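Should a chain be cited, it is by its letter among A, B and C, assigned in written order, with residues numbered from 1 in that chain.
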Amino acid sequence: MNLTLKIWRQPNGSATGEMVTYPITDVSEDMSFLEMLDVLNERLTAEGEEPVAFDSDCREGICGMCGLMINGVAHGPEVTTTCQLHMRSFSDGDVVTIEPWRASGFPVLRDLAVDRSAFDRIIDAGGYVSVNTGAAPDAHATPVPKENAERAFDAATCISCGACVAACPNGSASLFLGAKITHLAELPQGQAERHTRVLNMVHQHDLEGFGGCTNIGECTAVCPKEIPQDVIATLNKDMRHALWNRV
Amino acid sequence: MAVTGLVFIGYVLLHMYGNLWAFSGQEAFDDYAHHLRELLTPMLPYGGLLWILRVVLLASLVGHAAAAFALWSRAAKARDRRYAVKKVVTATLSSRTMRWGGVALLAFVIFHILHLTTHTINPGGDPESPYLRLVGSFQVWWVAVIYLLAMLALGMHIRHGAFSMLQTLGLTDNRRRYRVAHAVGLVLAIVVAGGFALVPLGVLLGIVTT
Amino acid sequence: MSPQEKDPMATNENEAPHGTAMGTSSDPVGQAEELAPAEVANESPSQGAAAGVTAPVSTPAADRADHDDAAGYYTTGAPIADTKAPAGPVERRWTERVFNAKLVNPANRRRLSVIVVGTGLAGSSAAATLGEAGYHVDAFFYQDSPRRAHSIAAQGGINAAKNYKEDGDSIYRLFYDTVKGGDYRARESNVYRLAEVSANIIDQCVAQGVPFAREYGGLLDNRSFGGVQVSRTFYARGQTGQQLLIGAYQALERQVAAGTVKTHARHEMLELVVVDDGSGPRARGIVTRDMVTGEIETHLADAVVLASGGYGNVFFLSTNAMGCNVTAAWRAHRKGAHFANPCYTQIHPTCIPVSGEHQSKLTLMSESLRNDGRIWVPKNAEDCDKDPRDIPEEDRDYYLERIYPSFGNLVPRDIASRQAKNMCDEGRGVGPMVGDQRRGVYLDFAEAIERMGRSAVEAKYGNLFDMYARITGEDPYATPMRIYPAVHYTMGGLWVDYDLQSSIPGLFVAGEANFSDHGANRLGASALMQGLADGYFVLPNTIRDYLADGPFPKITDDDPEVRAARANVQERIDHFLSVNGSRSVDSFHRELGHIMWEYCGMERSAEGLRTAIEKIRALREEFWRDVRVLGTNDSLNQALERAGRVADFLELGELMCIDALHRRESCGGHFRAESQTPDGEALRDDENFAYVAAWEWGGETGEPILHKEDLVYESVEMKQRSYK
């Protein structure tokens, strides 16, 4: 198939960027979306134009490194990561607009690559259980009801790709935040620091310049791991308890 | 936002309940309006409760609007550059119209107060009886239309707002409760907006008359 | 939705087909011991000289054994040995080493600095644990977050000798299975220690909040994995690697918050700094490139830990992540670190095949598919482009069932892989033409669907079928799946002693980057175990013995060695940016991968390997002359990043071929056409090859130097596999 790509080009973080149009021909429907961009880059290189920078690593939907806004939808038309999107989801003649995640908390580094280190800093603020290596009791010391373990797992599947922020009309990272809060809140190991964790992580989230949640649900809709919106409720509940506890 | 929203939801439910007295005729409705002012007297002066309510509502309104503007401004800062193309995947119309819908509702509330509280605007004449004033106004078609549109806006606002309130208060922390909260939003929206709309519709259809 | 998304409990009950040894070729049904005659007991050669850089000794051709296919490609150096493992009973060695390793006063720790390169399971856990101990740690990774390292993609599980099932498991049994699975090419002391600390890993991870699968009673669930008879594998649905890595990542970020660890995202190590302060050469730092700004930075420390993963991407197509590379390890190798057993690569038979020339990576599917699927190709090459449903039963060749009637589709991984390639080489492969042949065989569930019913197949394999459908666009319920082998893991790596110290003092190597624990083949669910064992428990205990002698004399950026390392990095970058040749970096990488796959893949022959070496040398020459890298150094330049990696792969590829050429035996993941039984089974040669091949860099123009570390088996008897 033949497509028209409109791609955001920006030489570096401080430069102004623009959308550039590239026609691309002979795209196989078996290609992944990123392989289609690889092909474009090979062609650009041959023509002497610098290839389009974009992030990707595992290309099997788990590392969370890739992430493009494709025709206005984070990760494109299927509910999956960009690397798992295949060209059979497009038709001959389509115009495909490709943009980086847009959020003040995710500054563009170049073209389609953004800096998501804000997420690491949110985890730094408390997204862990404070247990030193070697200090752990036997793994069977504390049984965890299966229901809690399952919900913790569902939340822990977050791959930190940032699609939730990219899709959110408010530019909020609440789904990412709620996923980590819920993961640890559901487990007995996470209880000791539960209140300080939520306060500190929310504080960091706000400092990073992410917006507030208005429960619209665009985040969940594009989340490749389909993290449910109810993790944000857990975040809110913990926040309520933590604030009340401080009174 | 959630707490003030809860105040409003409680208020509109009571308000709607009161409005439905219109279907019982002038006497019942005017009595209800009168009793509202006598409620808790003599512990409170005549109309005292209403004033308390008004103060609470005004404070809530300020809080609600302030929170809305804070969210709005944070959202604007959180995305300093807009997408060239941005599609809506799942968001309901009501969730996406909270801000401008809220502004529209505020405009309506001002109109509503000027119309039925301060009697500044008198499209259907200016009778003493609240009932006659109500019915007379709704007999003017464009007044009824304004009220009906406002109720549509209110219903949409409540549909997302009530769900959002439950979510923000952290009451929806599993999938079942999350679904229930959505249902609560929808039901409340239909009950409140529908209940309010019954009166102007009743007038337009000639069920409620002077 | 990712392949790991759905609950794969059903399909991953057994990662490997029932009765098939996962990742090991030695024990297809777990009964090989009864079948296998006890084979050569290993002679116990005397322990050689201490580890370290030894002067090369040129081996005259006449001194070489008759079968030295690689004569002329390398020289032989002095033998080496691990001098750190205490002697005595294998089960006492770790306890003794922990006790005897020098302690570092807590007050001194903050004056000691450690660089950790790579933040996968081994790197993150090591950095976190060293940070907790109070050392000053700098962690480097090329991704944008430590949590993205490729450990995250591991699906199946993690072994631990907890014996929670009370099914006869023990440290000794895990040790034994691992040594045997590695085809007797791993060091006993290291493997025993791995089994010993395995239980602590589970405790640690649970305490961190890793959401392992649990039973209704709230206790941890285990599965049997890889054909072993005990249930010792802990898992988190099909995303165990992800959950373990997030645990280690969170521990790491906790130390970042505590100020003991500093992370350096999007920083690639491009050179090792080795400085002789008078007490001999020591690894004292690294030179990195900030991948965003292009800045060349020097980072100095008292010790350097490489946890930079495996080198499977030398094949271009593998199940590794796009960025996985050998550069950190290779630069260390060029500075004197021995590279051990580079030819040991693990190839997985059930991957989704290549769909065309554009293919950028391969995706693994669980081997459990072979439990119920039947593998076949058309009998006649002319049927290969037909719809498989139109090919009548009598025209199908169920070749595994035909060649191995007793084990059929459940033959070990390496056989299944090799035979698939043979069928395609014969021209009977299926699927799209890729290059000059079709690279795929059918894995057919029609019979299983008939036998079990579609819903049972769906319950057991649904998530894998979904993944297959998403990637290929075909419905595996209606038409047979196509599979093909792919490179998955590399057992070889930098040579380390029992302390995980390389042949350069102060350079430690952990996880897949080292060679130590898996021998010639790795058991399923053991990679995660090894990464975390190294990072949480082994390295933090052994590195202190080294650090106790520090802090080492201060060096500065002006030190001649440091300046030389920086200059070297700068020179390479300048070269790449100025060649302005005609071929892209990827085109070279693809071609290298093709050579490696053809000649140094599932089946290796002396002739093929010699061809490969010549081709690689020619390609490398062309690469340096004709590569095209556009842009500048001072911004994110992904072609420039890849150019450096491919340059190193081009050198590693040759060493892999030389190693494969010199090892004229078949063992584990290494199959030499010249060393097989009349039935085509792998034939080990314990008499001549029961050693670790540790290669020393022989200089730009010199030959690599082979140092042999003899493997001594005191606790386990060596046995030859047999499964027919």
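Everything below uses one rule, namely that a contact is a pair of C-beta atoms (placed from the backbone, for glycine too) under 8 Å apart; a residue touches a chain by one contact, two chains touch by 3 or more.
On a predicted model such as this, the values are computed, not experimentally measured, just so you know.
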(message) Going by the touch rule set out above, what shape does the chain contact graph take here: line, ring, star, complete or other?
(response) line
(message) Which chain is most central here if centres come from C-alpha coordinates alone?
(response) A
(request) Could you give the separation in Å between the centres of chain A and chain C, each centre being the mean of its C-alpha atoms? (result) 28
(request) Indicate the whole-number Å distance between the mean C-alpha point of chain B and the mean C-alpha point of chain C. (result) 65
(request) Would you kindly tell me how far, in whole Å, the mean C-alpha position of chain B lies from that of chain A? (result) 37
(request) Quick one: which bits of chain B touch chain A in the complex? Just the residue numbers, please. (result) 70-71, 74-75, 77-91, 95-96, 98, 160, 163-164, 166-175, 177-178
(message) With touch defined as at the start, can you tell me which chain C residues reach chain A in the complex?
(response) 1-5, 125, 128-129, 132, 143-150, 152-153, 162, 164, 200, 202-209, 211-220, 236-237, 239, 242-243, 246, 249-251, 253-254, 256-257, 263, 265, 292, 319, 321-323, 355-356, 358-361, 363-364, 432, 470-473, 536-537, 540, 584, 586-587, 628, 630-631, 635-639
(request) Over in the complex, which chain A residues touch chain C? Could you list them? (result) 11-13, 28-32, 34-36, 38-39, 42, 45-46, 48-51, 53, 55-65, 78-81, 84, 86, 88, 109-111, 113, 115-117, 119-120, 123-140, 143-146, 149, 152-153, 156-157, 159-160, 183-184, 187, 189-190, 224-226
(message) Can you tell me which positions in chain A touch chain B when the two form their complex?
(response) 6, 8, 19, 69, 71-73, 97, 99, 102-105, 151, 167, 169-172, 182, 209-218, 220-222, 228-230, 232-240
